[in-house]
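Written below as structure tokens is the structure these notes are about.
Here the chain labels run A, B, C, D and E in written order, and each chain numbers its own residues starting at 1.
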Amino acid sequence: MAITLDQTIGQKQQSWLAKILGSQTFWVLIAVILACIFLSFATDSFATTKNLYNITRNVTFVAIIALGMTLVIITGGIDLSVGSVLCLCSMVLAVVMHAGYSIEVGIVASIGTALLIGAFNGILIAYLGFPPFVVTLGMLSIARSLAMVASNNTVVFEFGPDHDKLLALGGGAWFFGIANPVLYMIVLALITGFVLRWTRFGRYVFAIGGNEHAATLTGVPVKRIKVAVYMVSALSAGIAGIIQTGWLGAVTTNIGAGMELQVIAAAVIGGANLAGGAGTAFGALIGAALIEVIRNSLGLLGINAFWQGTFIGGAIVFAVLFDRIRNFRQSE
Amino acid sequence: MAVLELTNISKHFGAIQAVNDVSFSIGAGQVVGLMGDNGAGKSTLVKMIAGNFRPSHGTMQLDGAELIMHRPIEARQHGIEIVHQDLALCNNLTAAANVFLGRELRRGVGPLRVLDYKAMYRRAGEIFRELKSETRPRDLVRQMSGGQRQAVAIARTMLSEAKIVLMDEPTAAISVRQVAEVLNLIRHLRDRGIAVVLISHRMPDVFDVADRVIVMRRGRKVADKQIGASSPEEVTGLITGAIEQV
Amino acid sequence: KKQLVIVVKGLDNPFFEAINQGCQKWNKENADAEYECFYTGPASTSDEAGEAQIVQDMLGKADTAAIAISPSNAKLIAQTLKTANPSVPVMTLDADLAAEDSALRKTYLGTDNYLMGARIGEYIKKGKPKGGKICTIEGNPGADNILRRAQGMRDTLTGQKGLTELKGEGGWTEVAGCPVFTNDDGAKGVQAMTDILAANPDLDAFGIMGGWPLFGAPQPYRDLFKPLADKIASNEFVIGAADTIGDEVAIAKEGLVTALVGQRPFEMGYKAPTVMMDLIAGKPVEDPVFTGLDECTKDTVDTCIQK
Amino acid sequence: MAITLDQTIGQKQQSWLAKILGSQTFWVLIAVILACIFLSFATDSFATTKNLYNITRNVTFVAIIALGMTLVIITGGIDLSVGSVLCLCSMVLAVVMHAGYSIEVGIVASIGTALLIGAFNGILIAYLGFPPFVVTLGMLSIARSLAMVASNNTVVFEFGPDHDKLLALGGGAWFFGIANPVLYMIVLALITGFVLRWTRFGRYVFAIGGNEHAATLTGVPVKRIKVAVYMVSALSAGIAGIIQTGWLGAVTTNIGAGMELQVIAAAVIGGANLAGGAGTAFGALIGAALIEVIRNSLGLLGINAFWQGTFIGGAIVFAVLFDRIRNFRQSE
Amino acid sequence: MAVLELTNISKHFGAIQAVNDVSFSIGAGQVVGLMGDNGAGKSTLVKMIAGNFRPSHGTMQLDGAELIMHRPIEARQHGIEIVHQDLALCNNLTAAANVFLGRELRRGVGPLRVLDYKAMYRRAGEIFRELKSETRPRDLVRQMSGGQRQAVAIARTMLSEAKIVLMDEPTAAISVRQVAEVLNLIRHLRDRGIAVVLISHRMPDVFDVADRVIVMRRGRKVADKQIGASSPEEVTGLITGAIEQV
């Protein structure tokens, strides 16, 4: 007999290449690249240093939150509260610094708020079995309301003694002219990618999304992991809020409104599966990049305001089309 | 001394009395065959031992100490391993990942310990080879055949030294060749002093490896005999109810 | 206490918060009056049906003595008032009902939005008398007051009435991709302005109908226009913007905007209870009552805001 | 032996009562009733005819769409486009009637638009395997943009010759002083309930949500049912749009913004499971009613504007709490 | 004449060759046992016959006419019934609903035909009784024991008169008593002239009811013999590879 048991056991079903070609992230990446090439030719202003600087910076806020959201989605959950949490965390930072505290105190307060909210969401979902959609929708309402309370619903634009430090944090470019937020995004994405692939925590996140019951039975601490995941999600929103505050230089109570759908879209376009069990950090970045490139192109191409929504929507659907065509062919 | 002792264990789901007042004990190195009709309550019984359900009534003792578990993982900490009838697999993970789920191998030190993929693939491969199962450790469980899935579930129990191994129809989907291996495995476990509960609908298998057979009918224990003192015909009669009780 | 209710378009806008501040100040100063000012509204400015439902709730409440509404959808509020047939006096605040529905409310207190847009237009025209390429930045696509401002600006720039898009009239052309709807999001507003400016390096002016890009994202706004500061100073590039909220005045001081035309929401909130009490008492009240506009340029920043 | 095979086969696991007590819908209903009782005592104005008239009418728009959404959720999908579809359908109706056509023509055009959009969503999702989240998020953008194009972003408030008919349709009360929209809602809920329980179509909807693969294997026309379900969802949004237009008397491109989350929340609070396989028509109504009662109570209780969001969010979470407590107890 | 004829059928998934150049034919009223190691390709083969996968190569003929199917339902329309190894059950539906899935009984006329719950519960109950399975038609499948689930899946094939019934390990999880009933059922089918393909790892069952046995190894057909001309030992050898081919 030609094939031995050992050979079979050593075999792998898919080669590296087949795996890459089979991933949605790859095909969305192709879509992004094609869009960029098209825009470089169609407009003079796309492939300029300044525009690329802007694009990369703009992408970061959605991308950073999408990293946390990807974890939640992999476990089969959803977090609708991220936009409001971003707002509340920005507001806490702003109010604390406005009151004369240093930037460190502000950041600690802001991050603390995020973790608290994440823990609240997570505990209700994991320990009391609430549907994630309901809990985080409730929190969407609550966090924004608390932001109003915290700030008395005013615009905060003076951040006390460390005002300039905060602006430098979010608006500067300390490294080879790359906007600071981009650096943070890259670092966070690398960390997320590492955690998902190389740690036990990451493995458990996937296991929970694949079969929560089986994960429980095999001794995965499902509840604790779930709480952690919602805390990470809120944390990522908090971090994005801090960076965005530094960039914008002002906080209003409507920042981050409606962001949750954009963030989830970024994660899903990047290959995360809302049914749980699949998703990557890199995919979250690609998904966010796609959305930003579309937005950017609307202005550059001078598309009529009324039709802009059609283009955005169309492009979102179109981005996934590549992947679907491949799948469709294969299943034939 | 008995490793595991069950006293008057019952379990109901709503109006359904799945397990009804069952008591028995198992000694170290004993292999007990647990038989019964479909829906007789066999799985429910072993799930209670595995910390999956809590009994509605009754007590369990492990090595003489009362056994109360709140989560399945506590069973494992007590040295109780189980092969679930529904296999408890995560379809989106590889065979190796499923085998090591909950006790991943890691390398490195301190907080920087990372998953040791290589070691896990190697060890899983060894176990599959031992089971003579053509299961590829690197493949996703989703795409595997019924018997390959079963092999993955069985492989889990071979990772650590347990006190009791509960096997809920481990041989249901696997082929002639691997059945022999699983039965061998059970004998090995016994020889190392591990108690085994084997649920099976295959009369020959039970009579082949078990020391004792317990028969359940409609949630009740209707027989508990040494294999030598019984026969396949008697057990069949007990299962179907042709023989009321012994 | 009986309540003098103010229903605004949405709580998510600092502009309405200033109305609330006025309302609260009135409460503080009139602590022993038999009325109190009560401020409410839907969570989001875009929730038009929600506002109508709140108006209904308030009209159904026994404590309500009078109501001042800032309709986000004038027709819808008019319809609501028609069906509710309220027994307490109703006035509008900040935004008015359509002319044909004016009988449904006793008076209007607030800014003349058309005039506000027209003033922005005048500043732009003054800077660039010969016209040029312009981009209008608007807020929510359904927001009537913003649309009115834009109309005021267009009419002033061209000297014609009712044009919805400028194609060279009076020398002014709106570039492709404009107007931009920012959905009241400062960051989005500045991002869109950045893109438009990149795509049209020969742009001559921005007409910003709501202050979001300035007060919501002051830092990116500064980054965008600092390189153009000289051009703005020499009227080579003109920016007329609405509102004087938050950091806007400082931005004007830095010379990064040609002119600001601001409303006086605090005054609206502060005056509204008094007007409502007059209505309850049956005293004659002017219709409309306009609150003024604050106009700021680089040179007048220290004095332009009415205290 | 006491129990025979026949008896076992005839047995039912749960009595009627146990089934009712075990359903989330029931516990949310209890929460709604408790809230109503509380409000009747706490305020003078809650239990007035006028307020009840308003509440019941206000609840209808979310409730009607939640009926369609419930079908989508039962199949394991999601439809984020409903708010925008409502807007587009209202706009089509308004523009067509404004142009002088009769109300019948307007309604046909509007319903036709809805069905077209639903079919588009459904075909991409069922036949090409797009993730529902991505497709309907794209449509959220597209439909609103088309509404702007259709109306030139103006307010339409004159509906041509049949103006009064339209207003009577949505604003009248033809039957015992019950607002017309409430009547439509009840009729639609009865139809939905009937379809889910008594027709093959309903059975298939549940089967798809339970195990899509199994449904395909057993010969359920999965793809066609899925398309139908998204068409029903869009249709329900279209119907709600028509009724709402009749009630509001004016259409702007803003209406229905953000409605999707409210609708999904109503369905989920009413017991629909986003993982698929569970949901009821009655639950959708109860969920919508709960949200409306909360909203209504805020004004009546005179709750501070900043804190309103906290109350809404808290109440949404709280509503599900009853059900969770019961479950939690049971699992102990 | 052959009811079903397969010619050079192959199927690969990516790099895995699951079925490799298999040909055979079945006549009416024939019972064919299909055996092989785990992962040998048995399920893949019957799934192709059931219209679940399309073959990568080769052709199938039903009653002499070429059989090309695009969807599983077409197989049923051609008179091919299958019990899937993974049972294909909807956990959120009752046992009766699962049995009748895809061919619900209805009453009333025209567009107003509604589901006939009563008739379906009754008929499902009858079938379970026939199978001697304690399965409650009104209960959700989610909460059922392994054998009860299996009974539901088998019950499906008993609803209509088929030409071919494919059974992929129908007896894997069921108890002694029901195994006998399933084998009886297969005999009944045979007597009515229905062709049956029985996949099973239980040697005695296959030798009990089958007329012929086909053995697969690593995707290839390695034997196709009359039962009378073979023996359990030979088949075991073929499965494990101890005997290369016959």
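Everything below uses one rule, namely that a residue touches a chain if its C-beta (ideal position, glycine included) is under 8 Å from a C-beta of that chain, and two chains touch if they have at least 3 such contacts.
Since the model is a prediction, treat every value here as computed from it, not as a measurement.
Engineer: Count how many hops through touching chains it takes, at the least, to reach chain E starting from chain C.
Structural biologist: 2
Engineer: Quickly list, by label, the chains bordering both chain A and chain C.
Structural biologist: Both-contact set = D.
Engineer: Report the inter-chain centroid distance for chain D and chain E in whole angstrom, where each centroid is the mean of the CA atoms.
Structural biologist: Result: the chain centres lie 42 Å from each other.
Engineer: Report, in whole Å, the distance between the mean C-alpha point of chain B and the mean C-alpha point of chain C.
Structural biologist: Taking the average C-alpha coordinate of chain B and of chain C, the gap between them is 72 Å.
Engineer: With chain centres taken as the means of their Cα atoms, state the distance from chain B to chain D in Å.
Structural biologist: Each chain reduced to its C-alpha mean, chain B and chain D end up 47 Å apart.
Engineer: Give me the residues of chain B that touch two or more other chains.
Structural biologist: Answer for chain B, listing residues that touch two or more other chains: 13, 134-135, 143.
Engineer: Give me the residues of chain D that touch two or more other chains.
Structural biologist: Touching at least two other chains: 11-13, 148, 152-153, 258, 305-306, 308-309, 312.
Engineer: Residues of chain C that touch two or more other chains: which are they?
Structural biologist: In chain C, 11, 20, 43-44, 141 touch at least two other chains.
Engineer: Give the list of chain A residues in touch with chain C in this complex.
Structural biologist: Against chain C, the touching part of chain A is residues 43, 45, 48, 50-51, 54, 58, 141, 144-145, 148, 152-155, 157, 167, 170-171, 244, 246-250, 252-255, 257-258, 295-296, 298-305, 308.
Engineer: Touching chain E in the complex: which residues of chain B?
Structural biologist: It is residues 13, 35-40, 43, 85-86, 133-135, 143-148, 150-151, 169, 172-179, 201-203, 236, 239-240 of chain B that touch chain E.
Engineer: Residue numbers of chain E touching chain D in their complex, please.
Structural biologist: 50, 52, 71-73, 76, 82, 84, 87-93, 97, 101-104, 106, 114-115, 125, 128-129, 132, 134-140, 143, 156
Engineer: State the interface residues of chain D toward chain A in the complex, per the touch definition above.
Structural biologist: 76, 78, 80, 124, 128-131, 133-135, 137-146, 148-149, 152-153, 258, 261, 264-265, 268-269, 273-275, 305-317, 320-321, 324, 327-328
Engineer: Going by the contact rule at the top, pick out the chain C residues touching chain A in the complex.
Structural biologist: 11-14, 17, 20, 43-44, 141, 175-181, 183-187, 191-192, 194-196, 198-201, 215-220, 222-223, 245-247
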